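What follows is a set of structures for review.
One chain, subunit A, appears in both complexes that follow, with subunit B as partner in the first and subunit C in the second.
What follows is the complex of A and B.
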């Protein structure tokens, strides 16, 4: 076997350190969620627990004065998150991003308009908090799924549009021209040809939008104040409720709830990666 | 089955004039080739006829109907692209069926038409496959099938053979020519390959820098090129072109420059003038000692049945086509003669062919 070069070894070590830095909190959450009782507080901390305990998922913390939340109690928040994230994602990608990106790429072709959309995704949310609160309050949608979803569309749609523009740009012009000559109307070309060719991109946009809506905290904090069925508080707020308390933190329950929250986005992240990496034109056009 | 007429057509991209005052008449059922080097505007002309580009000025008529403002969809034309442009997400059957489906044809007749055209093109076994699963030659047939399935009035082909390998290309040429004859569809074919053009076309239009230099059948294009560009572009290698002066000596005319003096015989010129003499390699031959012009062999390209020999007469190089085995090597001296009846004269610097005899009109 060839001896790896010093450069390759250095790169590997650096990569391992970076991975450790980002993955350790995930590991900590996972391990903590399975620890029992006071094992969480031992010093030095237990990195590899020998016993797995699921109590954190189903029972309130045994620590005196801790909050009464349990991970399993997060279901109403999970329902809110699911409804809000899915509806905001569907509206952003299918109703707005796909047609908008297509017309920007094929018909408007103004590079600054495309960049403007990208810039919109870069403005910090906090700037819009007061205006959005006033707007949502005015239309009587505070603490509701649709109020929150509407606000989520404001950042998910430009992001998805920008992403889809890149994918539509990859669709060979001659395929669309062939369709035009074959007698398809511009609308038919969009949904029968181009949209089908960017399916991997569309799926990637769906997943990335879903993840960003699912993880969103700030707007949810301002625009909602109770969970399903009376309101629309989302899962990040449930997690925060473990921390925002006048009692001691229930670390076990917090970690268990964190695992619940993470799972859908991790699964989707794996899918998104597959579709983002996939070739678009599928080898149909030579040359 | 329509004729195509192009009148005074001009196309500009910004300030760049790509086509300048094109006039063309393509008779119904004709196999018409647009031939030119890259950048000559031939593909742009085809795209204008297809309706994929907007006309700057002038008109296009298909079947007697002005189509300037019609979209490609409304022109009833079919087109095969250089890269075939198949729909990668549909299988071969759906690729061919799509033009019929969007015209709301009944599923039963769609099936029948697709089967029929697939049999004509020998692709009936590929119908379930996706474009990426079949070879380049098969993809090309699918593209043809998709174009032919709806009986277009004009059939446009944009260098459809250039992505095929040499052997397939020769096969496809013959196949296309036969198919066109059988179907009798007016066909406009764009290529930069003059062998492709002359083997298939009933008529060829040669384009250079956005203008048409000549529209003729392949034989006349080869023997009677209208100008220096066409003379050099048609034929492989092109015509030998030598710059000099034509002078009358007694009753005979002579071509003269620093390197050579050539008898032209009884041509019909107004007076002494600057000319470009053109002669095909097959009309130049090697002569015995004492005859012809002194020259030195500079390059020998044997092609099997024929050999091209490049010789230098002073600073002028001339290509000669010889047959049989050649006992020459680079650097050896030789003597060459021109077949003076086959010499063409072009004006200099305008490059237009001069009327030099009764048959050369």
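What follows is the complex of A and C.
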């Protein structure tokens, strides 16, 4: 073992600064959510609050800056997000992506189809807002779970397909050939053998599709206009609608809602980090 | 003519995605063209595209989009690359901890990231202007300033996406064979020379992938603008995605918005085509087997 060199110390210090850069915004939001009422609106700002107050998570605030936004108040939006994200994810991954990816890797091998899938993952959501609005309005699904879930499939499916193609590519052909000799039909081989072998890929696709649907803002903005039970507004809209209208009022509650609603994706993300790195980078990082 | 068994099985498995493709790509694309090439009363015309040529807001928007694109991409690459090299050179116990911390922004929803930066950059109660006052300087009022709003968005964007660049580059660095460094040391190269002549050439591929995917991510950006500045002040943070949304659902000029969407799609398609055609990035995405 060498003694810590000047170089090693510099690296450590710089990395600590990097962590500060990535953590300070999260810390500040957390601290804001713990501050009660007017403590948010004091000068100088309180950097280290001495007492932690969870009122912003549970009770409507009662100060001069009162608006009754609390993290608990976001529950109707959470219900919508959960239903929409789960249904879009299941349809995209199991019904569309898994068989399509298998087909593109084993049966219809064509580089142009691969390029097409890749290109479709790169189309910005905003490009199709006008047609999707017209289509969803036409089938009378505006402001409903299924209308939004349907549109979410549009970006989740190609992404999941691309991701699964990478995983199917790694299944050794010999396994499938052995199953064929045993008399399994191609569909049985797909369903019983290959799909089981790409479980990590399936998990990565499920989690990443879920997170991207959970976080999606633009389509929710144009396709929904009230939360459960009358409509289907999702969590991002809970945050933006109050942020845009009462920018200087409901900060404590909004910060609490932000913290509260990002917990599911952060927890999922940290535990599945290795799988997700591969998915997020479209296969460039092998997990 | 009978289909071969391979093709038949392949088509059956691909049936859902073929249906998907018709409903979610071909049909919307056709609708988009129809809307873009008609007037609000349904007459076939090029008015929407003529309007683009004389639309001063579009000109501002395109300029902003360019600065936003170049600024974000540059900053994200610099930060992501720098952090990856730093962590690669770190020898110690906290490697996994650092990696996890840097991973966090990727899991936070863009809307919440927007909320965070609104809290941070607020001119009255935000901590950043407070620190600036502590230094005895005038507060900068980042989000209310015509010249600082877009750079603020770029920094927030870099916070969100630099971990993504980091992830790719860091993974690439770990694939560089250790023997190459040993050989470089034997040849008497300094660390800096080894970095220049061993590391950089070895991670060219992953750098390309990071560049392409990050560029696409930046171009897709909408949420941060919507949450942090809503395009303001004035038109100073209008970018193409935000403008198309605004034209469609705030000004209700559906046809013009469709034309703008087509313009955006054309820009993306051109960019992707150029990158795929002139760089070997496909090999690194696993699309094509390269020479190894």
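Definition applied: the second predicted complex is superposed on the first by the 242 of 287 C-alpha atoms of A that agree within 3 Å, B and C clash if a C-alpha of one lies under 4 Å from a C-alpha of the other, contacts with A are read in each partner's own complex, and residues count from 1 in each chain.
Heads up, the rule we're going with is that a contact is a pair of C-beta atoms (placed from the backbone, for glycine too) under 8 Å apart; a residue touches a chain by one contact, two chains touch by 3 or more.
Here the structure is a predicted model, which means the values were calculated and not measured.
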{"item": "Partner chain in contact with A:8 - subunit B first, subunit C second, else both or neither", "value": "second"}
{"item": "Touched partner set for A:142, first subunit B, second subunit C, both or neither", "value": "neither"}
{"item": "Touched partner set for A:134, first subunit B, second subunit C, both or neither", "value": "second"}
{"item": "Subunit A: partner with more touched residues, subunit B or subunit C", "value": "C"}
{"item": "First, second, both or neither for A:72, with subunit B first and subunit C second", "value": "neither"}
{"item": "Touching partner for A:196 - first (subunit B), second (subunit C), both, neither", "value": "first"}
{"item": "Contact residues common to both interfaces of subunit A (with subunit B and with subunit C)", "value": "281-286"}
{"item": "Complex contact set, residues of subunit A against subunit C", "value": "7-8, 11-12, 14-15, 18-19, 21-26, 28-29, 32, 40-45, 47, 95-97, 99-100, 102-104, 106-108, 111, 114-115, 118-120, 122-135, 153-154, 157, 161, 165-166, 169, 186-187, 190, 211, 214-215, 217-218, 221-222, 235-236, 239-240, 243-244, 247, 251, 254-255, 258, 261-262, 265-266, 268-270, 273, 276-277, 280-286"}
{"item": "Subunit A residues within the subunit B interface of the complex", "value": "172, 174-175, 177-185, 188, 192-193, 196-197, 199, 281-287"}
{"item": "Subunit A-facing residues of subunit C, complex", "value": "6-7, 9-17, 20, 24-25, 27-29, 31-32, 35, 83, 86-87, 89-92, 94, 98-120, 124-127, 130, 159, 163-164, 167-168, 171, 206, 209-210, 213, 216, 219-220, 222-223, 226-227, 230, 240-241, 244-245, 248-249, 254, 257-258, 261, 264-265, 268-269, 272, 276, 282, 284-288"}
{"item": "Parts of subunit B lying in touch with subunit A, wherever the complex brings them together", "value": "50-52, 71-73, 77-79, 81-89, 98-99, 102-103, 130-132, 136, 139, 146, 150, 163"}
